[in-house]
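Two complexes follow with subunit A in common, the first pairing it with subunit B and the second with subunit C.
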Partner chain A sequence: MILKTQLHADAVTARVEIKEANLTVADTFKAELLALIDGGAKYVVVDLEKVVYVDSSFLGALVSALKHAITNKAEIVVCGLNKDVLGLFQLIRLDKAFKIYATAAEALQNH
Partner chain B sequence: MPVSKKILLVDDNPLVLEMMGRALSKEGFECMKAASAQQAIQLLQQQLPDIILSDYHMPDVDGFLFRQQLLAHTAYKDIPFMFLTSEVDNQLMLQGINLDAVDYILKDTPVAVVVSKINNFLNTVREQHERTLKELSKAAMSLNLHSVPKTLPMMKGFEADFWHKPFQNYPGGDFIDFIAIDSRYTFIVLGDVMGKKWGAWYFSFGFLSYIRAAVRICIAEGNFSTRSILQKINSVVYHDPVVSDVLSSLSLVLLDNEERTLKYSGAGDLPLLYYNAKDKQVSQVRSAGMLLGLMPDGDFDEIAITPGIGDQLFIFTDGLIDTETPSGKKTDYAAFEAAVSPYLGMPFDEFKKSTFLADKANNQVDDCSLIFLQKTAG
Partner chain C sequence: MQPRLKHCKTINMPVVETSKFVFGNKAEQLYPLTMEILGHIENEVAIDEETAQKARMVLIELLTNAIKHGGAAECTLEVIAAEDKVIIKKSDIGEALVIRSEGALYQWPLPGVHQGGRSITIYGDGICNLKGSLANSRRVRFFIEENIKPNAGEIRNLPEHFGLMIITRACQAFEYEFDIATCTNNFTATLAVGLQTKKHTV
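Moving on to the complex of A and B:
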């Protein structure tokens, strides 16, 4: 398990429990996110607070999960991005696809 | 391929862990240590070793059960595994071999012998891996699959060239294509299939053909708008169940040799760098489009540029801006821009020989690709 999940009234927070989010964890990460969506979660907050680096495989997994979420009328938002990760999201326009919040609490408030 | 020697030691006896750890560190191994199978799994979630050396007798989860757990997990099942045991029972050994454990080491074996056994084993794995890679590359070549062009386009008003270093010599991942339509128009394509893993490079060849075909179909229909071409490709990829799960960035540039202009649209690609020869200034060219296949409407735009003589345009993938720092890997576009700027403006042959690209090749953490375009006097 690389996601630590917490259930809220109508949302799930999923904290990524690793520092370097790369291809070695991308498949597991995607499988765990898909399981949340398939389990009925309609609003998933992916918390990247502990993550210092993401590679393109990991982003691919996140984006692929987002597509799955949209098909299932669910939403994935992200929070806790460090400066570099946020910079990367903006550079490749992932900020257009994901709502980005500073903290999980803020993401839950805006739900 | 760099010689990597990361080992995960699993033993409930702290003394054995400490002793083996010390002996292996002296031999250049990077050691991860776990006092139980549960702890080992936790460490594996952080990073993957090149080999696992595990005790057999452990409380709760013993070595065999641990091995079974690893075999059930796609990410861990192929990591070479050795048992360190005091057991000499043949029956147990047979059971272990059925679990694809590659070897046994008895605990009273002298440490020097243990180290050489591990070294020999890792060398065999590496040689096997390189042989397989060579075979696959040969197969790809004989099928005429290339992820980068074999020749450069000859154009009147522009010079185009590229630099490409696949990560650890795995082909694929990034792809480059030059499509000369006629003496007037040439398309330049740079893509990065996200997800560099063993299977990805087969896929990127397929994906490259897919994109190449899509671009050519658009052009055959008389479509010379990079924005509209990206929109069409995006829509096809988004709705095609075979490829919709794979994401790719794409930079598409159309050179007009007659008007001496260029048009650019990007899909989730990194901002290009533009070198203005007159002012000797470097600036970013940012497109608006999202990764191919991400959304039904990729929000693409089209940027028209009329370059001056000597102006240069650089298109590249994220492997170039990722660096390994003492505190871990980093993605830092601004630092890359600052570091590369002094090299822009020079002829590309010189840039290719520069220490900047040599350093990138030595320290790369992913595929690195760079396309160079320059407006020439001709």
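Moving on to the complex of A and C:
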């Protein structure tokens, strides 16, 4: 398990419990996110506060999960991005695909 | 008219050295080596934070690519840190580049001698495409084609492979060359330094 989840009414916060969000954890990350969606979660907040960097494999898993969420009328948002991770989202324009919040609390408020 | 050799003495060319790093294609070495190489670059030339950030992205993706697609035990990174640019060249003797796109399979070196001048689409989301400009059957330069179809971007069309896209967007120039003589794969990423850093619209 790399996600630590917490239920908030109909929302779920999923904190990524690793520093290096790279190809070694991308498949597990995707499987855990899909399980949350398949379990009925309609609003998933992926908290990247502990993450130092993300690579393309991890981002690919996140986008794949987002597509699955949309198919299931659910939403995935992200929070806790450090400067490098936010820069990467902006560089490849994933900031247009994901709502980005500073903290999980802020993401829940905007649900 | 070509300058005579003796005139070279009057040209004050700075000496820029190439530094080599070996990556054992192990995930646990990925971040430590990224930071080691970045430290080396920052020691050689005063790059700004934006350039450092892009250099980190490029290094992480080059090393990730080596683990995922290299098929070799190790790869070599040659780093040149000059005043106006940083060049990072990743070389290995693993599997050559393969791109599947639009129903076609591109495997380097590409067949035939008439590849030069063609462009291929590698992937895209309807708003922008990652493309490859073929110099010849061995060398391809990656570039981004923006605003293909405004408003056509949809989540379901998003690509799920971002490695080459990240490096291409972070760099001033990014290319791959298959060296036939040595059967070596060479990815060369060139980052502009400081105020000349390429700005991207997001």
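We take it that the second predicted complex is superposed on the first by the 111 of 111 C-alpha atoms of A that agree within 3 Å, B and C clash if a C-alpha of one lies under 4 Å from a C-alpha of the other, contacts with A are read in each partner's own complex, and residues count from 1 in each chain.
Here, a residue touches a chain if its C-beta (ideal position, glycine included) is under 8 Å from a C-beta of that chain, and two chains touch if they have at least 3 such contacts.
Please read these numbers as outputs of a predicted model, since none were measured by experiment.
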Superposition on subunit A - do subunit B and subunit C clash or fit: clash
Which of subunit B and subunit C A:Asp27 touches, first, second, both or neither: first
Contacts of A:Glu17 with subunit B and subunit C, given as first, second, both or neither: first
Touching partner for A:Asn72 - first (subunit B), second (subunit C), both, neither: neither
Touched partner set for A:Leu91, first subunit B, second subunit C, both or neither: both
Partner chain(s) touched by A:Ile2 [first = subunit B, second = subunit C, both, neither]: first
Subunit A residues touched - subunit C or subunit B, whichever exceeds: B
Residues of subunit A contacting subunit B in one complex and subunit C in the other: 20, 22-24, 52-53, 55-57, 59-61, 63-64, 66-67, 84, 87-88, 91-93, 96-97
Residues of subunit C that touch subunit A when the two form their complex: 27, 30-31, 53, 56-57, 60-61, 64, 67-68, 127-128, 153, 155-156, 158-163, 165-166, 169-170, 200, 202
Subunit C-touching residues of subunit A, taken from the complex the two chains share: 20, 22-24, 52-53, 55-57, 59-61, 63-64, 66-67, 70, 83-84, 87-88, 90-93, 95-97
Residues of subunit A that touch subunit B when the two form their complex: 1-2, 17-20, 22-28, 52-57, 59-61, 63-64, 66-67, 84-85, 87-88, 91-94, 96-97
Residues of subunit B defined as touching subunit A within the complex: 45-48, 74-75, 192, 194-197, 244-247, 249, 268-271, 288-291, 294-295, 299, 318, 322, 327-334, 365-366
